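To start, the structure under review is shown below, and the notes come after it.
The letters A, B, C and D name the chains in turn, as written, and every chain counts its residues from 1.
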Amino acid sequence: MYFTVSLAILVTMVLAVIRALKGPSVYDRVLAVNMFGTKTALLLSVVAFLYGRPDFLDLALIYALINFVGVLAVLEFFQKRSAAQGHTTKD
Amino acid sequence: MIIVFAVFLLTLLVLTAVAVVRTENLFVAVMLMAIFSLLMATNFFILDAADVALTEAAVGAGVTTVIFLGALALTAEQEKPIVSGRWLPLAVVSVTVLVIIYASFDQPRLGDPGAPAHQHVAPWYLEKTAEFIDIPNIVTAVLASYRGYDTLGEVFVVFAACIGVLFLLSVPPVKPQKSKSSDNSSGLRHHLIPQVVGRLLVPFIFLFGLYVQFHGEYGPGGGFQAGAIIATGIILYALLEGEAAALNAIPKSVLMAMVCGGAMLYGMVGVAGMILGGNFLDYSVLHSDPVIGQQMGIILIEAGVGITVCGALLSIFHAFAERD
Amino acid sequence: MLEILGYYNYWVFALVLMIGFYAVVARGNLIKKLLGLSMLQSAVFLMYITLSKVEGATAPILQKGVEDQIYSNPLPQVLILTAIVVGVSTTALGLAIVVRIKEAYGTIEEQDILKASGP
Amino acid sequence: MLLDILSWILLCLGGGFVLVGGIGALRMPNFYTRMHAASLTDSTGSILIVVGVMCQAGLSLATIKLLTILIFLLLTGPTATYALANAALLSGMKPQADTDEGRSSS
């Protein structure tokens, strides 16, 4: 049962990687990275039970937290770049 | 079962690696590197290395990406296409791959219990840890006690790398400073939703970092991971509120004190062991009961490692972020 | 079939190691070289963790009340755990040097740097 | 027993949602539709899978950890999607109502 679900998540990870490789825009790739991070957290929480060691859920927890920092860093990078190129960011 | 996971993930790993090398946009390469790191961590987890997977998760996806993006913001984003001379390296690399694959058939198969790596000290560690140190996590026991010299060396490498980065980047730039730095130092203050959610998450990241630090004897965790996680929390704060606010909360002098103090705490524990009549980094003499002495030593050393790693990663982050 | 797949980790190790090495020697961009270097590093990590795996074992964190459980080899895991954090700090050191090169020469391409620094 | 069947159903549904999201993210014609496919199924799939695993875990520390994971995933996922869509919009990538060819930019 866990195995079926983890297989589904694995296939989704493959699809996300294909999206990250194809692009075409940089935003698509960031989207794929974000999606991949969520899938990793899910996969780890399922595999922890598949292995019968539920105390390893800490790992999935850290993925759920750290992935967000990566996306925000990318966002700040975009903001810096557009400021450097002279575009005015309006919001 | 494990084979299916491994084949899936490792094939993806190779694909991602090829794509990182092929792309000419460095930003895309850094994004693909984040995926590479996530894949690597999942692989480590599947191969039973929970502590290593936790470290790779805490370091690879967060801190590495942030530092690479900081360097990209200071340099160029687009790579020039290579003009000539790509066939010789390609040929050399292909031949070497074939040689290594040929040699791999002499290696023990994955998971072979009779492999030479499992014959020497490893069974002793697994057997005697419960008796000598009495903590469940053998990785922490080996890291902090049996191979304490190694870890001391690694902590000082982190220390030295941090000092090197500060030396290189604290020199003021040659070119005159552009006036744009005033408006982009505000961080993501104009993005309301990420800011609110991020503020909510920062204390939880700290709490989780402390949990990893102090739970390291019983589950996956320890000083290296906790230092990286807490540093990530402060980096998140810096991204949300701007550099100045983060430096206001934890000034550079405090960071320097953390980098030096953690490494010194480690060394002092070793010296204390010598003063009390044992060897350097022999914790058994710290307490009348040698097992409790070992546990005290491990807690102190993990604290030293955590403080140094946290301070070093944050100093490096600030050095890159302040540069422009 | 499964016998052959037991060596798959080593093949991936060889491929990723050499892909990283190719980026270091054949690409002119300094940041690309550093990315290749950290890939090369990751390949070595994968090799060590592969060596630590034991069939039917679980992670080396002792479980209370479970008898006859085999555990994987903790020693390679300890070596790699510390190496990951050290790897990040040394990569940061390399990036700091690249940033200084960019400020001194205005470029991070190897050929342009060689041209600018004269014969 | 009933709990087992329930968690079976939840896990399979969750796996299905995740898979559909992956296919959507790969096959949709432009960036905003891809993001739509990926983000919605991400949240739904996470809820279903984590609740399904919770049914198996019973009342223990693992359930609390799973609950925390679920809360964090539900907080960070949509926020990251919003931030990304915002960045894409500000960079000048316009959402198109109907388009039949793949678009390219940036």
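Keep in mind that, in the parts below, a contact is a pair of C-beta atoms (placed from the backbone, for glycine too) under 8 Å apart; a residue touches a chain by one contact, two chains touch by 3 or more.
Quantities reported herein were computed from a predicted structural model and do not represent experimental measurements.
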item: Chain pair bearing the highest count of C-beta contacts; value: B-C
item: Gap in Å, rounded to a whole number, between the CA centres of chain D and chain C; value: 31
item: Chain A-chain C separation of Cα centroids, rounded to whole Å; value: 21
item: Inter-centroid spacing, chain C versus chain B (mean Cα positions, whole Å); value: 12
item: Residues within chain D bordering two or more other chains; value: 72, 76, 79, 83, 86
item: Junction residues of chain A - those touching two or more other chains; value: 7, 13-14, 26, 30, 32, 53, 55-56, 58, 61, 65, 67-68, 72, 74-75, 79, 89, 91
item: Residue list for chain C, restricted to those that touch at least two other chains; value: 58-59, 61, 63
item: Contact pairs between chains, per stated definition; value: A-B, A-C, A-D, B-C, B-D
item: Parts of chain D lying in touch with chain A, wherever the complex brings them together; value: 7-8, 11-12, 14-16, 18-19, 21-23, 25-26, 31, 34-35, 38, 42, 45-46, 49-50, 52-53, 56-57, 60-62, 65-66, 68-69, 72-73, 76-77, 79-81, 83-84, 86-88, 90-91, 93, 102-106
item: Chain B residues within the chain D interface of the complex; value: 191, 193-194, 197-198, 200-201, 204
item: Chain B residues within the chain C interface of the complex; value: 3, 6-7, 10-11, 13-14, 17-18, 20-21, 26, 29-30, 33, 36-37, 40, 43-44, 47-52, 55-56, 59-60, 63-64, 67-68, 70-72, 74-76, 79-80, 82-83, 85-86, 89-90, 92-94, 96-97, 100-101, 104-105, 107, 109-113, 115, 117-118, 121-122, 125-126, 129-130, 136-139, 142-143, 147, 150-151, 154, 157-158, 161-162, 164-165, 168-169, 171, 173-175, 218-220, 222, 224, 227-228, 309, 312-313, 316, 319-320, 323
item: Footprint of chain D on chain A - complex, ascending; value: 1-2, 4-5, 7-9, 11-16, 18-19, 24-28, 30-32, 34-35, 38-39, 41-42, 45-46, 49, 54-55, 57-58, 60-61, 64-65, 67-68, 71-72, 74-75, 78-79, 82, 89-91
item: Residues on chain A engaged by chain C in the complex (per definition of touch); value: 51-53, 55-56
